[in-house]
């Protein structure tokens, strides 16, 4: 029952004021505007629930996957392990695990991918994070162009792919080490660039901090940054932007 | 001349191969795809050039403002000072300075503001950064809803304004101190949230680092972060997203 | 109108369901449980509003002080400056400024101070922060015992004052430099200790970070930490604890 | 013997001045005011000794558990391992190990839990730290309300539990990642909030530093912070406050 | 085809303007000035491609080594593991692995080493990084003088080797812990000094940060710094300088 | 009265047990072993009280200087300003101010300087900190050899002074920037070396942090470090060591 | 006298063994190999002494400038102020001060500039540091090509200048904010690149730390880094490399 | 041969000037003042060479131990492992390994321990570092008083041991977590205190950084700090001070 329904019930005498008050209090703020957030997540926001697998206890993971798969017909998780795939492969039909992106998923009709984003990486070591971003975006219905290994120390590689990224609605730029790729891309395109620092590197990269600082301090326009190695977050945000552009 | 034109000139004998080669080399990569970047910036990207006033020498600032004003009919600068306003007020007709946002601008027809973004702040001290974002977005033709002083330590303030932000194409969330506002907003809306940490605070805020880390680590979906106090960058990026949504 | 009243209005036909829904949505979450937070702050929480003066524009400060003074009969602000005192001294009758604690206050009947807290400092340079804590607590009706300059490099000073702090409901321990005072006090008393790092020191104290880390890592039980130089926060929290102990 | 007894012995000739002096010196400062700290800990402070199991050598742990169990009839340890449980399970009758909170305990009559605190977490990954806090508080006789998984990116979850926490004497708010939960709770309640940052997260959370800085910089009133993952410290401090409130 | 050739083809009618445009666009910026960067790397820069082995998947490493060995007759990789050596030893004839420098290489005629650089270390624990630098430089044809274990806490060791380094074209100075060696060497020689901080040490060395800061802040002239443990980068840069000096 | 005296009074009936208990409690721990710490400081430790002038209020400074001068016949303060000298020059006869070391002192008979320490600096900019150390040591009766501007980037300067430092009981080594001097000295001498990092430098020296880390990580034996710019602390500690060596 | 000369004097009886020993000891290590370092600096290393003006006392600066000018006929200082220029302009004939580079110099015949280096900047704000580098290199006889404002967010600017830098013996790449310029240049050229981070920027640039980390972590080959804003150091090192290449 | 001897040889014609020059150059600075540093280490400084075992290759460790044992009759190593003990136990007669201090030693007559130092720890977890300090000092002939588990959160424990430390020539104070112990001890004694931060703790202790900063910022006089967990360095320095005091 939403507010209007509750009030109608009161008006029509089927509910006392006291009972209506109790319902409103108990359900709290949920019923007012952002109600049933989890249950209705997909309908409301267009984004189904995604499972962050890392660190989940075995029995919890199994029950979560089963519940989502049963209610949604598909389930998608990030930061999974081979062990977690073994756990679930007999329970969830057709479940697959990609050891690069660490995505563990099952079901889902063949999706009609819309719009276009590009996911670029500076090096080949950044590909796992990029794949997390790309596959997340695809799960949410976005068409993804992959442009990998185009780091700034060999600009010709990026230049030769420039046309492929020029009509994207959003670029996800993934880079570790010095993390300069988003600045260069930001100077080439006019769409938003989501910068993803990775923990790739050694020495004074401090687990990705150097790349994060580079990106946050970018002098190019139209760049914003997500957490180190957060491919999922970038894929999600790129999808939001792509949907706005695609009018969906 | 673009590549096709140059090649036609060669084919038709009006240009020797050597001269054509010189032109291509001299103009370099510019003529290939992203040519005449600065001169054609506004036409190409829809974003006129913006002046970062802070630290500019007096004579440089004057000449830059005059040049842009003459060619564009309008000029817009950020991080300006009262002194810089004094310098320019007799030179650029109708120039105005807003001491809160530190924006120094002149000219520009009344713009038709399109789409909608919301700029929110946690406290009143964050307003200067928010105004830099909001006025930048307005300069670029974006309709801006201002929702100030809705920090998370008094949630009712944000809740009472929730409807005003629910239909924005993008939210700019500005906060210093603990910087938690973007996370809360990110849980309430389904559009992208651009988080702007500010240097407001004292003690262990380390010039905005605490708010930056909070925002980068946000557990909400659809959030990306710009540099500390970078209202301009947020306003620019929000405009890019708003234009994609508005189909302009 | 609270929920019950709105619902009664509906039940009795004086309000349509649609109008009631509008009211509930507009007032949002406020009317449900934590409504009218600011207006009713003092009645609800027992804590009147306190003004953070630093950085406030002159006209804003004047209007805030006048509004609070008129509605509450007293007004209390922290981090004020001599300039702000000059601004207000002709407007707010009997306003006083303490250059040590930087507290700017006016009005208020002589309060009946209840319970007991102790505010301790390691050195004399920590006294400004300690006074902010102590005077804040006194403004909120707490009896405060001041025990200053009892740093750990001369333990006898603390020992000779031990009895004075042994029956407090809460200790506020203020220290800069190495910040060891709260650990030592935590081992001597059985009540909660609120540790306040100060920015006093030089070199590797990094603006109070060294004292903050010391306090956060304390091996004594019953210690929690507030921000560097945050005397106000400590005085507020100590008052909450003292009221719980005093049953008020 | 306390000071009065020693002096009486001297006065009555049963003790020479020299012997009395020796006793006083040997027992040092202990006998003066805070004597027999360890032996009399429980009687004096109401807090029995708690064992920090992590890193203890096997034989030390066994002898400590045996000694405390024999003298107190109960023993309670934190940060224990399954290996340590195996070590002790044949030695201490009825000893139990909770792999979530890592608490290893035995004995203790059924306690009469008094007052009320609430332990809240932002996510499910924060539960181990929360359980350390909750079980510590229960061991010390505090009634604990658990309110888990109410992070700020989905405010409705917290709102729907608001009534449950509104009458607590103290809230322990446990959060990793961006650590915003304590600020939001601090704005909702009028009792003290003990903020516990956790090391949950990745990338730029730097082992909990981001959450720690968020909490230290909170703009809400009535918040203080303990070390990263220090559930025990929060449970102890919450118990101190709860006892003051409950008059015990 | 380079630009001139393409244009000649057009001029002579063997290529249409449209096809020429396609070629130029597809090859992008490569053909203009810095073309065929990877394929022609060795010819153009004199530096063959080097493989960074760490983290490479087994199949990738095998194919990369085979491809380079077949086309170049030699292959050189850094940060390899014994496991990677096992993988390749049956595939690449004569491949060798040095467990100290972790260099995995095969082929290459006996090179004529030119010029002279010196590679110095502060301690014996810095030798692995130094060997990576030295062997890299040797692979690129540089004569290397090794001067190990000449740290500043025993200056006589460095002094007794002074003559050996005095005629080098470039010094690579490798040091962990306090990292003072480059400053001392910088005061003794007049050639460039490349400082390599290592992660050797414990406690407050923070993985090499202390040595990095020492070197960056050196008060000696003619010193520049590469990343922590980056022996390869130092060997490469030293070779560039040595070649300039040797006129090759 | 010490413990024995109090007990005798009790034994002889001149003091009741209750009164004796009161005295002992009131004087606390002071009378037991480390009593009258401040009053008897000079007699007990051989170190007169030193005034830390920085940040002291004018009236406080005047009264402190007068009190110490009257009771001791001499007074010595560090981190003083020219303004503070002006304040005191008419009040304290013969007071002098050294703008380099910022020491403000008066009185004191010509002292008989004993033993020997050496105070060395890397550069001339480190001299103010070195002079604070040297003059502090001289005030406490230590003979000081000054060896300035002997930084490691020009080793011959240090070598030519080696004999002068070889028979010191303790070396104070003062250095900013890369802070390598103590390591080199530590390798040359067999006496303790007290390392004093200074805030001299720019860029990545982070206010002396780089020098501090260098010194803490020194691979030389016999080195310990004091706070950045803490010349006073080094002079004090060097005096303690010198006295032990000189048997005074 | 060098060692051979001293020994000859002894052999020929013109010097006693004792006197020779005294001379050797007094001159210490200087006479052995790196003797008369300062006096003979220019002859030995080809680099005249340069004055670091910042923080020098007025009288010291005057005497240093006079001494060097008299003995060398020219004098060159960095980080000078307008005040210092005023001090010296009547004393040193023809002295000039450049407020951009802050270089204060006098005398010197017109130098014959040799070889070629390029000094590049990302933005116009980096020019002061670049000019310090360029003018230092010119003072030491190096031909300098200036390529300013070619930051990576507008690559066409750098590309159009590529030919100008392609034949340099060394590139000095100066950049603040995200500091990505050296990586891009490193991918374009085959000569050494000296990266100079600047403190230009705001927010999370932390006084140049972000640019420093970017440069240290560069994935391009042939790059080394000097301290933040250290234009002098880069100009010095570039000159060393240029001389090696030019065979001078 | 020292300088005088060489010169005499020359004077007497038994050595040519050229040969003498060669000898002087080859032996370099060693023969002048600090010659034969390693071979003569024990005779010259009174400190035999100590082996840092951690990270040493097996064969290196064996050969080092054998060489030292044969020439000195005793051998002493720190940071050893059980594996290293196994390696050596059949080779070096009577070698012993202490798993707490990780010291691996053999031989040495029963030493006559002189003077007195005290080694104190805050907790029991700090004992491994303390034992490294204590056993190092004992190896060098120092009498050591152990005072363990006297942390500042239970001051009575330290007070009851005060007499034991009051006559030491030097105190080594070892503490992790908040690291406050040295400050408290520094206020109690008049001898030098060497503070040793340990990496004991969790959360915001950052591997011992918190304790290090606490100790560096200590407001007590007479304290200096060594690296985190550097028990060896503290034992060495304490021995130097003890020897100065004991006149040996």
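For clarity, chains are labelled A, B, C, D, E, F, G and H in written order, and residue numbers in each chain start from 1.
The criterion applied here is as follows: contacts are C-beta pairs under 8 Å (C-beta built on N, C-alpha and C of every residue); 3 or more make two chains touch, one makes a residue touch a chain.
Small disclaimer: the values here were computed from a predicted structure and weren't measured.
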Subject >> Contacts common to chain B and chain F (chain labels) >> reply: C, D, E, G
**OP:** Superimpose the Cα trace of chain D on the Cα trace of chain E, which carries the same sequence, then give the rotation angle to the nearest 5°.
**Re:** 180
**OP:** Check A-C against C-D and say which one is joined by more contacting C-beta pairs.
**Re:** C-D
**OP:** Using mean C-alpha positions as chain centres, tell me how far chain C is from chain H in Å, no decimals.
**Re:** 49
Original post:
Counting in whole Å, what is the centre-to-centre distance of chain B and chain C, each centre being its mean C-alpha position?
Top reply: 38
Original post:
What whole-Å value do you get for the distance between chain B and chain H if each is reduced to the mean of its CA atoms?
Top reply: 59
Original post:
Which residues belonging to chain C are in contact with no fewer than two other chains?
Top reply: 25, 28-29, 33-34, 154-155, 159, 162-163, 188, 203-205, 209, 212, 216-217, 221, 227
Subject >> Every chain pair in contact, whichever chains are involved >> reply: A-B, A-C, A-D, A-E, A-G, B-C, B-D, B-E, B-G, C-D, C-F, C-H, D-F, D-H, E-F, E-G, E-H, F-G, F-H, G-H
Original post:
For chain D, which residues count as touching chain C in their complex?
Top reply: 29, 33-34, 44-47, 159, 162-163, 166, 169, 188, 190-192, 194-195, 212, 216-218, 221-227, 233-234, 236-237, 240-241, 244-245, 247
Original post:
Once bound in the complex, which stretches of chain H touch chain D?
Top reply: 124-125, 154-156, 159-160, 162-163, 202-205
Original post:
Can you list the residues on chain A that touch chain C in the complex?
Top reply: 3-4, 7-8, 10-11, 13, 16-18, 20-21, 24-25, 28-29, 32-33
**OP:** Over in the complex, which chain A residues touch chain G? Could you list them?
**Re:** 122-123, 151-155, 177-180, 183-184, 186-188, 201, 203-206, 209-211, 213-221
**OP:** Over in the complex, which chain A residues touch chain D? Could you list them?
**Re:** 25-30, 34-35, 37-38, 55, 60, 197, 199, 207-209, 212, 227-230
